[in-house]
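Labels A, B, C and D are assigned to the chains in the order they are written; within every chain, residues are numbered from 1.
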Amino acid sequence: MSGSNFGTLFRVSTFGESHCAGVGAIVDGCPPNLELTEADIQKQLTRRRPGQSKVNTPRDEKDQVKILSGTEHGKTLGTPIGLFVANQDQRPHDYGEMSQIPRPSHADFTYQSKYGNRASSGGGRSSARETIGRVAAGAIAEKWLSEQHGVEIVAWVSACGDLEASEVNPDTISRDQVDQNIIRCPDMKAAEEMIARVTALKEAGDSIGGVLNCVIRNCPAGWGEPVFDKLEAKLAQAMMSIPATKGFEIGSGFAGARMQGSQHNDPFVMKGNRLGTVTNYSGGVQGGISNGEPILFRVAIKPVATISKAQPTADFSGNETVLEAKGRHDPFVVNRAVPIVESMAAMVLMDMALIQRSRA
Amino acid sequence: MSGSNFGTLFRVSTFGESHCAGVGAIVDGCPPNLELTEADIQKQLTRRRPGQSKVNTPRDEKDQVKILSGTEHGKTLGTPIGLFVANQDQRPHDYGEMSQIPRPSHADFTYQSKYGNRASSGGGRSSARETIGRVAAGAIAEKWLSEQHGVEIVAWVSACGDLEASEVNPDTISRDQVDQNIIRCPDMKAAEEMIARVTALKEAGDSIGGVLNCVIRNCPAGWGEPVFDKLEAKLAQAMMSIPATKGFEIGSGFAGARMQGSQHNDPFVMKGNRLGTVTNYSGGVQGGISNGEPILFRVAIKPVATISKAQPTADFSGNETVLEAKGRHDPFVVNRAVPIVESMAAMVLMDMALIQRSRA
Amino acid sequence: MSGSNFGTLFRVSTFGESHCAGVGAIVDGCPPNLELTEADIQKQLTRRRPGQSKVNTPRDEKDQVKILSGTEHGKTLGTPIGLFVANQDQRPHDYGEMSQIPRPSHADFTYQSKYGNRASSGGGRSSARETIGRVAAGAIAEKWLSEQHGVEIVAWVSACGDLEASEVNPDTISRDQVDQNIIRCPDMKAAEEMIARVTALKEAGDSIGGVLNCVIRNCPAGWGEPVFDKLEAKLAQAMMSIPATKGFEIGSGFAGARMQGSQHNDPFVMKGNRLGTVTNYSGGVQGGISNGEPILFRVAIKPVATISKAQPTADFSGNETVLEAKGRHDPFVVNRAVPIVESMAAMVLMDMALIQRSRA
Amino acid sequence: MSGSNFGTLFRVSTFGESHCAGVGAIVDGCPPNLELTEADIQKQLTRRRPGQSKVNTPRDEKDQVKILSGTEHGKTLGTPIGLFVANQDQRPHDYGEMSQIPRPSHADFTYQSKYGNRASSGGGRSSARETIGRVAAGAIAEKWLSEQHGVEIVAWVSACGDLEASEVNPDTISRDQVDQNIIRCPDMKAAEEMIARVTALKEAGDSIGGVLNCVIRNCPAGWGEPVFDKLEAKLAQAMMSIPATKGFEIGSGFAGARMQGSQHNDPFVMKGNRLGTVTNYSGGVQGGISNGEPILFRVAIKPVATISKAQPTADFSGNETVLEAKGRHDPFVVNRAVPIVESMAAMVLMDMALIQRSRA
């Protein structure tokens, strides 16, 4: 266990820094005979990559995925699926003077503390580029979940700073709706305000945080393992493993802590041929196991740490200095996190689904 | 992986339902030659057990732990430490009519969906009694962390419903201070209001949720594994695996999502002979790795699902019915979760510490 | 990973030394609704325990297993099954002078090197008593494999020193036949010679090694995972983890290394409605995956290290000395290893079966 | 767990079939700041590849390794090391008529049974080409073990069919000596006979098995985990996971089963400043933990299953047929297995070394 593996039966191992040959993942444990081509994976990778809009960084990394192994004639073999995306810039950089200054709220200092070295890109595996392997692996899980169980996973931007979207209907929201604007907030009016806010902060060399909501529909009852591997626990790990996340809520979340039991309990009711609940404060899980209702969770993302504004700080030796980051930086990344959140959710669910199948 | 194991090198396996012989844990991977007796473990178990005060259930379960293996002459051998707490009531119950009605927001329905059966206690391993094994195991981790690194872990109740404690100083708060009142809120004035609120809800047959804060002090820089096993990710899994939790935040949490990068970034500054940060919005972790600052996190707990108030709901067959739970029930459990949160935090940290040692 | 856990989905964690409260295991991942009582487990434990015959040590440890958790009303819940056998002698001993002398070919020296301490029993978890947890866990696996797939596992003593049993028919050999004599060799004539040999060595204060054969019948084709977790690889790990084992062979084994491909290849042939093989040099596995033929393997056991004969050796400080072990010692343990081998085989198979089910 | 991962802290995940883009491995958990270039890895890969001599297949696959990630400026970062070797022939083949006939003692039938499909190469991941990832990963482990602990690992061919090498001195044997002849048997006279035997079998369209011996020198006392992860148990798993292996012995092995305790026990004696043993029937491990003596083990390899000789067998539908494999095939692969055995041994040891470090 050194951090880059996830899952028990659907096991994903990612690799790669920003300035090596490339990044990718090995997906072990995908069942055989799933139809799978690079196009199936590329879709989410393309949604993830930078350079897509004026609210994101203008770098246009192509991020074309290549399947290295594990499929033949367009179908999975059941063996490890190798996934690879080449880096455009494969030379280790020398950050010069900047490399003497750990960037505030970046991982430069902690990687140096942990490893006694740093990749030239600073935070090494803490870079957003690392998430490419996750998104590629998650796209496979999504396809299987969709084909086998009709599972649908949709994430969207519900807040940008203090701008909040009005409520979105989790029963109907679709990815098409989410992608209707560049900030991926399905409330078009709020989206406009968010875009204006981000654009202004970009000019100011600053950044801002936000919140993602995610719904998982058609998850059967019975997924998730008791005690340490509860469904919400693994979702929490998955989400809090995404760079820049600061919080996770399921169902009622922190608001639920303010409620009384008589308000918060979800009464049972027959829904077609299954037992469902009238309300869904539980967020689709009870005792760590899915109950058949939509799984609802939220993820808090901090403001991007790299800003152009001058920051007083200290260098590695403790000398006071001022850091001014050069180049263009993303003022907002919550919209780009949408496919990452969906992918991590898919990885968790598929692993749980396979484990539950073993009991059948 | 079926849920009851946690950790890679410090590996905890828990077992036990409410009405079997007992509950406990096997702790594998504890280094040898740690002084350890049952008294070291009992302390936190006693803080966890019910029947401690008027705000909790009057059941007085003794919960005396017995070390089954792994120590000799008061020291750990380095081999698995067996921990066992006998149940007072070891007969599987028959809930009679009630067993036909899945309790709202309990795990009766999901366990039935998952396993095609239910323990007589209803939610089986989702019971709070399961946490005994965690607390026992966590007490061992705490002792090692304290002796080897001076690590201190203190949790407290920061909110009961909408009653919130005024700010607590995480640098100095102690367990003695937390235990000064029965609700474990170090703000004495807020504590009084909370106790009054809970007492009133108890009379009304209702319950209420709350929030726990936790600080980890003296954690060295460099703990936590990149990518999927980031320190905050494993803490999130650990906390969200505790029964009744609905949310997790580290550092600035959801509030951080509202901030701008220029406000949120933690500038570096020399603190004695180490590089520290001026602010701590990061909550002691950057890029998933501890940075030497206090680790600060919060956990949301939903209101207790078992209430005496009548609840309209449906039975397993979907027939409408009304559930009235009998007996005395905890109207508030957030104070009892204090040692559980501390124990899970200790388990995460110790595992990370051992993994980091392997690199030395 | 500190050694006392085995399996991925059917996960066994054992604990206990010779002089602590007891020994046992936690079995996580057993499917729900398997009928299971202590009697189902006791049978193999009783076959394992010492004191059964004149060729073994006369100590009569009762080894009564108690189920601590995970079953109700005689059925598994799907939750961790706690298994416990109390030790008769629970006081840590002081071996006095003897404790200064590491016993040759025992684990006293290596445990001291590894942990900087030793359990009073010397080799701690290397004791044969540790295998109680395995046998208890294996009995559960056996029951499930038998009920779900008709799997039969039978081991027997095929050699005692240079005395070898004539060939045994693996298609028909039964545990009843194996247990017909105290040395568990189904060749009655060889068994008599073996018993005489062992009896003579007992008088001489010496010991002798031997070989076990094992057959697994009715294992479906398709179990075992490619590459590192090949069925024969996990069987090899399982068998070589049993105390005192020195070798493992599957199918043709070392004899196969002397053969030519044209002799060794197993041609296919229709057997009823399945494709089988004419010969079975492969031992029931090809490419690490079961092929439906009987799985055949052999395990070499070294002579018991504890002997009464005086042994020149050195103490921990390197001083030359002579060790004379006191008390009665088993001159032969290969017959007692029969249920241990069967149990470990069952644990491997059940884990593989559950993993394969996840693909269904 | 789906078979392609190995190790706990030094974790290797391999991928790739014969006719996809390539094969390789991700190595997670390698400590930072180890000097590492492709040349360090290539050496063992070159020893592994086919086409090296007249006793092996004349195919000359270049097998040039590329490091995809995890190093910068010639040093490891501590992050996952991606390793890749492109396949020369990346088109999935159609074996035509042959694909209807499962090759005897190959994995065609078992892969079909397990996955409901087969890679065009037949046995998919059971191909020898899969071992490239292992050898690349093992080369990294070897370098670390050598630099940190002076560990030396040397394997050689000790038998080809019934031709056996005279005894080789495990204290001095070197890889240079092993590589002095093409069959990698350090007994030059036996080597000549072996080469003649293999050459004759090649002409006859047949193949032959053999035995490898391996010694690990300078392994410190204290490596290996008790119970299930004993050093010999993990070595056994590692070796029996190599294609075509049928047996594993440590120390005295099956011969030890014929011995008496008074002969087999290894008396202690002072060796310089450490306690060693006079004899080494234990093979360097006691109770699953290294004792500081050379670790000695042997691996049996069956004859290559692919032969040119006509073989009567059945097709997948059970119809009797005759299989005649086309093309050139290796009549003997035991010499090529030398670096594979060394690599797997290194992977096991490094993982154990890191785990033991965590206790320090």
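We take it that a residue touches a chain if its C-beta (ideal position, glycine included) is under 8 Å from a C-beta of that chain, and two chains touch if they have at least 3 such contacts.
The model shown is predicted, which means the values in this text are computed figures rather than measured ones.
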item: Distance in touch steps, counted as few as possible, from chain A out to chain C; value: 1
item: Chain whose Cα centroid lies at the greatest distance from that of chain B; value: D
item: C-D or A-D - the one linked by more C-beta pairs in contact; value: C-D
item: Centre distance in Å when chain C and chain D are each reduced to the mean of their C-alpha atoms; value: 26
item: Where chain A and chain D are represented by their mean Cα positions, the distance between them in whole Å; value: 39
item: Residues of chain A whose C-beta touches two or more other chains; value: 1-5, 8-9, 14, 32, 78-79, 114-115, 124-125, 226, 355, 359
item: Chain C residues within the chain A interface of the complex; value: 8-9, 31-32, 78-79, 226, 354-355, 357-360
item: Chain B - residues contacting chain A, complex; value: 1-6, 8-9, 14, 102, 104-107, 109-111, 113-115, 123-126, 130, 159, 161-162, 201, 206-211, 221-230, 232-241, 243, 245-254, 256-270, 275, 277, 281-283, 285-292, 300-307, 309, 311-316, 318, 320, 331, 355-356, 359
item: Sites on chain B touched by chain C in the complex; value: 1-5, 8-9, 11, 13-17, 19-24, 26, 28-29, 32-33, 66-73, 75, 77-82, 84, 92, 114-117, 119-120, 124-125
